[in-house]
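In the two complexes below, subunit A is the common chain; its partner is subunit B in one and subunit C in the other.
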Partner chain A sequence: PKVTAEVLAHLEHLALVDFRDAEGVERLQKAIQFADQLQEVNTDGVEPMDSVLEDRCLYLREDDVTEGNCAKELLKNAREKVEEYFVAPPGNIPLPKLDEQETSLQGS
Partner chain B sequence: LAPWVPVVGLEIHAQISSNSKLFSGSQVQFAAPPNSLVSFFDASLPGTLPVLNRRCVEAAVMTGLALNCSINKKCLFDRKHYFYADLPAGYQITQQRVPIAVNGNLSYSLCIGNKMSQMVTRTVRIKQIQLEQDSGKSLHDDTRSQTLVDLNRAGVGLMEVVMEPDMCCGEEAAAAVRELQLILQTLGSSQAVMAEGQLRVDANVSVHHPGEPYGVRTEVKNINSIRYLAKAVDYEIQRQIEELENGGTILNETRAFDSKLGCTVPMRDKEGKQDYRFMPEPNLPPLILYDAKSLPANMNHQQVVNIDWIHERLPDLPSVKRAKLVEQYGILPEHSFILLNEDGLTEFFENVVRQTQMMPRKVIGWILNDLLSYLKQHSLTVKESPVSSSLLADLLNLLEKKEISAAAAKQVLAELWKGEGKTPLEIVKEKKLELIQDLKELEQICQAVIDGHENEVIMMVLG
Partner chain C sequence: PESRVHLQVSSALKEGQITPTELCQRCLALIKSTKFLNAYITVAEETALKQAEESEKRYSKGQPLGVLDGIPIAVKDNFNTAGIETTCASNMLKGYISPYNATVVQKLLDQGAVLLGKTNLDEFAMGSGSTDGVFGPVRNPWSYSRQYKEKSLSKSHSEDEESNWVITGGSSGGSAAAVSSFTCFAALGSDTGGSTRNPAAHCGVVGLKPTYGLISRHGLIPLVNSMDVPGILTRCVDDAAVVLGSLAGHDPKDSTTIQDNFKPFELPDLTDVSKLSIGIPKEYHAPGLSGEILALWSKAADLFKNAGAKVTDVSLPHTRYSIVCYHVLCTAEVASNMARFDGLEYGHRSDMNKSTESMYAATRREGFNDVVRGRILSGNYFLLKQNYENYFIKAQKVRRLIANDFLKVFRSGVDILLTPTTLSDAAPYMEFIKEDNRTRSAQDDILTQAANMAGLPAINVPAALSERGLPIGLQFIGRSFQEKQLLTVAKWFEKQVKFPMIQLEEVKRLDPGVFQHQQSASFS
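What follows is the complex of A and B.
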C-alpha cells in the first residue's frame, strides 16, 4: 500500500514528526511493510494480549499525601516562567496546510 | 412543518473526593499556589510511573453501584493521545476498552406544567463510568500571546459518567445532572460543586424528524452551572432546527457556551476530527475487583477492593431518603424534593418537628413557604438562618396551643427575622398578639363593632 500525501499529512499532524523528504517517506513505507508481516500469523481463537503484565497484580496505593511542594525544582526545567507558572505558546500552533507542505517537500 | 425530535446525551466529569491524586501522591486541593501540588509524575518527568490510588477505585465502585451499573471485575487502563500545554505527557490515562462500570440507569423527576404538584419520573441510561486523569489548567494571556500553565489539577482522579442520549431538552438534562450531583454528594465520592470545577458537563445535541435517522450531533462545552446547562442545550437545539429549516447543515463540531450572550459558538483548537490513537497503558496491569465469592483467602486487605463490602455500606440514596420522609412525616413527594435540594433543610425540618406538637404536615408549610422564601429573598443558606429550629418550634407551639392566630404568628416570624434575640413569647407579649380566649370579652368587642356601624348592619340584615 502506498502512503498518500493525505495520510502523510495526517500522521505528521498527529505525531508532530516531520518526514521532511522522499527518503523519510521511503523509510516509513518500509517500516509499514515490515510491520505488515504480523498479518501472516493466524490468530483465530487466540485472546489478544495487551500487556506482558497481564498476570501481575495491580498495586493499590493508600490515599495519603506523600509528594508535591516542589514548584521551584520543577520550574528549573522551564525555559520560560511567569510567577511560578510554566509558559507555553498560545493554543496549538496550526501546522502548515497540505499544499504548503508539498511545496516544501519539492524544494528539498 | 414536520416536527423535530431533539436528542441530548451528556458526558459528565466528576472530580473524585480524595486526599491525593489518581496515580500519584500529590495533594488534591482547590486554589493553591501554582504548581505547588505537583509531583514528578504529574509533570511527566521521564522515569516516573503511575501508581493507582485505592480510594479512587472505591469511589468509582460506589458510584457505579448507586447508578445500578454492572461493575467489571476486570477493567483496563488506556492512553488517549493529544497535544495540549496542560497535558504534559501528551496523553491522558483513561479507560477506553473496558471501563470500571457499565450499563446503569439514573431516575430523576421533573415538574410538568406550572404546578409543582405534577411531578413525573424519567430515566436515563448510564452507558459507563470510567476512571481517568484530569488535565492541568491553562490561563490564556492573549495580550502577551502566551499561555500560563498550572499543573496542580493535572492527575486528579475523575469519574467520567456517560449518559445515553435519552433526554430531549434542557430541563431534562438539568434535572438528571442535579440528581447525579445529589447522589455523588450523598456517597461522598465527589463533592460535585460545579463552581469549583468538581463537576463538569458536556452536552451532545442533535435533532431529527420522527422516523428518520439521528441527525449530526454537536458537542457543547464550557457549561458552568446547572442553569446554564438547560440554557445551552435549549439554545443549541433551537440553533440546529433553524439552521436545518433554512436549508443549512450541522457540522460535527465542538462548540462553547457563551453565558454572557446566551449562545453557543464554535471552539478554537477543535477543528477537524481528533484521532486519539488509543493504546493500552503499558505500565498498568488489569485492575481486578473482588466480591465475597471471588475473594482469595490469604490476600492482603489493603490490596483488595471488595464490591460486596462496598455495597453493604452504601448510604441511603436521595430517592430512598425522600421516600422515607414522605412515609415518616406524611408530607408530599414534591415537598421531599425541596427538602433534599437545599443543604441543611431536611435537618432543620426534622429538628422543628422534634420540638413541636404541630403535625409535620403543617410544619412543612412554614418551612417551605415562610422560612425558605425568606432565606431565598436574602440569599442566605439554611445554616445562616437568623431563625433557629428551636425558635421556630417555639412559635409553632404557641400557634398549636391556640395562644395566637396564624396571622399573628406570621407577624412574630417577621420580627424574629431581625435576629434581635427575642423569643416568640416575648414578641407576642410586646405586640399584644395574644388571642383573646374570654367569651365575655369577645362578646363585648363584637357588640361594640355592631353598635358602631348601624348602617352596615341594616344593609346586611336586608341582604
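What follows is the complex of A and C.
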C-alpha cells in the first residue's frame, strides 16, 4: 500500500524535516517494505522489551542540587539571545500549506 | 606477567626512554603526514601538548596517574569535549563547542591521557562506511599499506591509489583509522549496530563493544538510547582491557549504568582452553558471506577445537530479523533524539525568522543530510498512532525474542560465541557508494547488530589478511557483564593468529624505534 500524500504531509509536519524530492518518498516506501518483514515473526504472548536492563532497578539519586548556575555557559552556544533568554521567532503560526507548484511531494 | 624483551610505550614513559611531549609530538607529526586519511576532524594540538607537559611533570616526580598517563588518544566526534568543537560530522553542529566533557572523556583525562583530537564519522553515527559525514569520507590506512599495494593488480601507482582506496567501515571509521595508522594508542568510538566492531574489522584493530550499562553514555550524543554504548579501539586486547578498566563503572549522571561495583582486571594468559565452550551460531553463515571469511571462521573454530575446547553448533533462530527489528527501533529512537536540534539553544540556526515552526523546519533542512532526514521520517512513520502497534511494539517484541535466543544458548552451557564480524573485507570507496546508506547499513550490520539488540559484550579481533591484503576480523560475543572472560578468550585467540603489523611508509619514516616493534604498538 502506497503512502498517501496526506500521510506524507503529516510526517513532514511532525518531523519538521522534508522529503525534499521523489527520491525521499521512495526511500520511505522502501523503509516500510523492509520493516514489513517483521510481520513474518510470531510474537503471540511475547511482551515488548524496552530495555535490556529491565530486571534491574533504575538508579535514582537524592533530590539535591549539586550543579547548575551555568546560564552564561549555556547561552554561549545560542545564536539569538537577549539577557538570559533564548529568542525564538513568533510561535503559534502554522507552517503554510504548500500550493501545487511548490510541494516537494509532487513525485508521489 | 611475562617479561617482555621489546619496548612498551607505558614502561618506556616510566623509564624515561621517551617523554610524553616527544610521544605527543610524534603522534601529531604522524597525523599531519597521514592527513590524506581524513581520520581527524579536529586536531587539538595546543591542548594536547599542554596535557603532555603536565604528564611529563608527573613522570619526572615519579608520580604518574596510571598506565594511561601521557598516552595519546583520540575521541570520536560524537562525544562532547569541553572547549573542543564537537560536530558529529554534521552541519547541524559545525562550530558547536560543548561546555562539558562526556564522562568517558573526563575519565581518560583524569588518568592523564593526552587528547589528540576528534575523529571523523558518518553524520550523527548513521552509516557503516564513515563516508557520509560533511567533512568527507575516511580512508582506510590499509589502502596505502605495502600488503594491499602488493596484491593490487594495478600497474600505475599514483593513479590507482587515488581510485583504489578502500573504506574504513563505520561509523567509527576515523577512530579505527587513527589507531590503525599509529597516530594514537587508543580511541573511543560508539557502537549502536556495530559501529565500533565493523571499522575495527576493516582496519585490522581490536574493537570492543562493552555490555550495555557498563560504561556511561553521559555526553555521548545519543542515537538509540536503549542500544548505544561507547566503544573502545586499540591495537591489542590487553590495551582494550586497560581502557575498559578506566571507563567502566556506575555514573550518577547516566541512570542506565548499572550500580554493581566494577573491578578493573588484568587479563590472565590463558593456556588451557579445555574448560571453554565455544558456540558457532549457524545463522551467522549469512547470505553474502565471502568464502574467505567462511574459511577463516571455520579455521578459528578448529583452532579452539584442537586446543581442547568444546566447540558446538548452536542456533539463534531470530538472527535474520535482527536487522529489520533494528531498522524500526533505531529510526524510532532517532526520530525522538534528533528532535532536540531546532536551532534555538545550540548548533546551526537558519536565518528563516517568520515563525518558530518555519525556523525549526529550515534549520533542520539545512543542518541534516539525507540519511539523517530519511531516518527521522521513517521513525516518525513507525510511531504514528495507526502504525505504533504493528511496527514499534512489534519490533520491541521481536527484540525480546532475539535477546532470548542468546539467553537460551548461554544457559545451555556455551561461554562464548564465535562469528565473523563482516561479510567481506573492506570495499573500495567507488564500489561502496554505488548503493545507498540504508542498503549498505542493512547489509553490513547483519553480523554485529544482534549483540546491540541483546545488550551483550562483543569484540572484534583481527584474524588474518584477505587475498587482497586487507584485514579480516572475527567476533566474539559474551554473556552480559562477563567482559573479563570475553577478553581473556579474545587475547588467547589474538596470540594464536599473530595478525601482521601494517606496513605503512609514513609510520616507518617517523621513527623506526618506538613504532616498529609489535609490542610497543601497545601501551600496556
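Going forward, the second predicted complex is superposed on the first by the 95 of 108 C-alpha atoms of A that agree within 3 Å, B and C clash if a C-alpha of one lies under 4 Å from a C-alpha of the other, contacts with A are read in each partner's own complex, and residues count from 1 in each chain.
Keep this in mind: a residue touches a chain if its C-beta (ideal position, glycine included) is under 8 Å from a C-beta of that chain, and two chains touch if they have at least 3 such contacts.
Keep in mind the model is a prediction, meaning the values are calculated, not measured.
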**Asked** Of the partners subunit B and subunit C, which touch A:39 in the superposed model: first, second, both, neither?
**Response** second
**Message:** Just checking: does A:31 make contact with subunit B only, subunit C only, both, or neither of them? Give me first, second, both or neither.
**Reply:** second
**Asked** Does subunit B (first) or subunit C (second) touch A:47, or do both, or does neither?
**Response** second
**Item:** Partner touching more residues of subunit A, whether subunit B or subunit C
**Value:** C
**Item:** First, second, both or neither for A:59, with subunit B first and subunit C second
**Value:** both
**Asked** Now for A:71: first (subunit B), second (subunit C), both, or neither, which partner does it touch?
**Response** first
**Message:** On the A-aligned overlay, A:2 touches which partner chain: subunit B = first, subunit C = second, or both, or neither?
**Reply:** neither
**Message:** Output check: A:79 vs subunit B and subunit C. Expected answer is one of first, second, both, neither. What do you get?
**Reply:** second
**Request:** Identify the partner contact of A:19: answer first if only subunit B is touched, second if only subunit C is, both if each is, neither if none is.
**Result:** second
**Residues of subunit A at both interfaces, subunit B in one complex, subunit C in the other** = 10, 14, 16, 50-51, 53, 56, 58-61, 70, 74, 77, 86, 88-91
**Prompt:** In the complex of these two chains, what residues of subunit A are touching subunit B?
**Reply:** 10, 14, 16, 50-51, 53-71, 74-75, 77, 82-92
**Asked** Along subunit C, where are the residues that touch subunit A in the complex?
**Response** 96-97, 99, 212-213, 226, 250, 252, 255-259, 318, 321, 324-325, 327-328, 331, 335, 342-347, 349, 352-361, 364-365, 368, 370, 373-374, 376-378, 380-382, 384, 390-391, 393-401, 403, 436, 438, 442, 454-455, 480
**Prompt:** subunit A touches which residues of subunit B in the complex?
**Reply:** 18-20, 24-27, 33-41, 43, 45, 51-57, 76, 81, 83-85, 138-142, 145-151, 268-269, 275, 277, 280, 282-288, 302-303, 305
**Asked** So in the complex, which bits of subunit A are touching subunit C?
**Response** 3, 7, 10-12, 14-20, 24, 27-28, 30-32, 34-35, 37-41, 43, 46-53, 56, 58-61, 70, 73-74, 76-80, 86, 88-91, 93-96
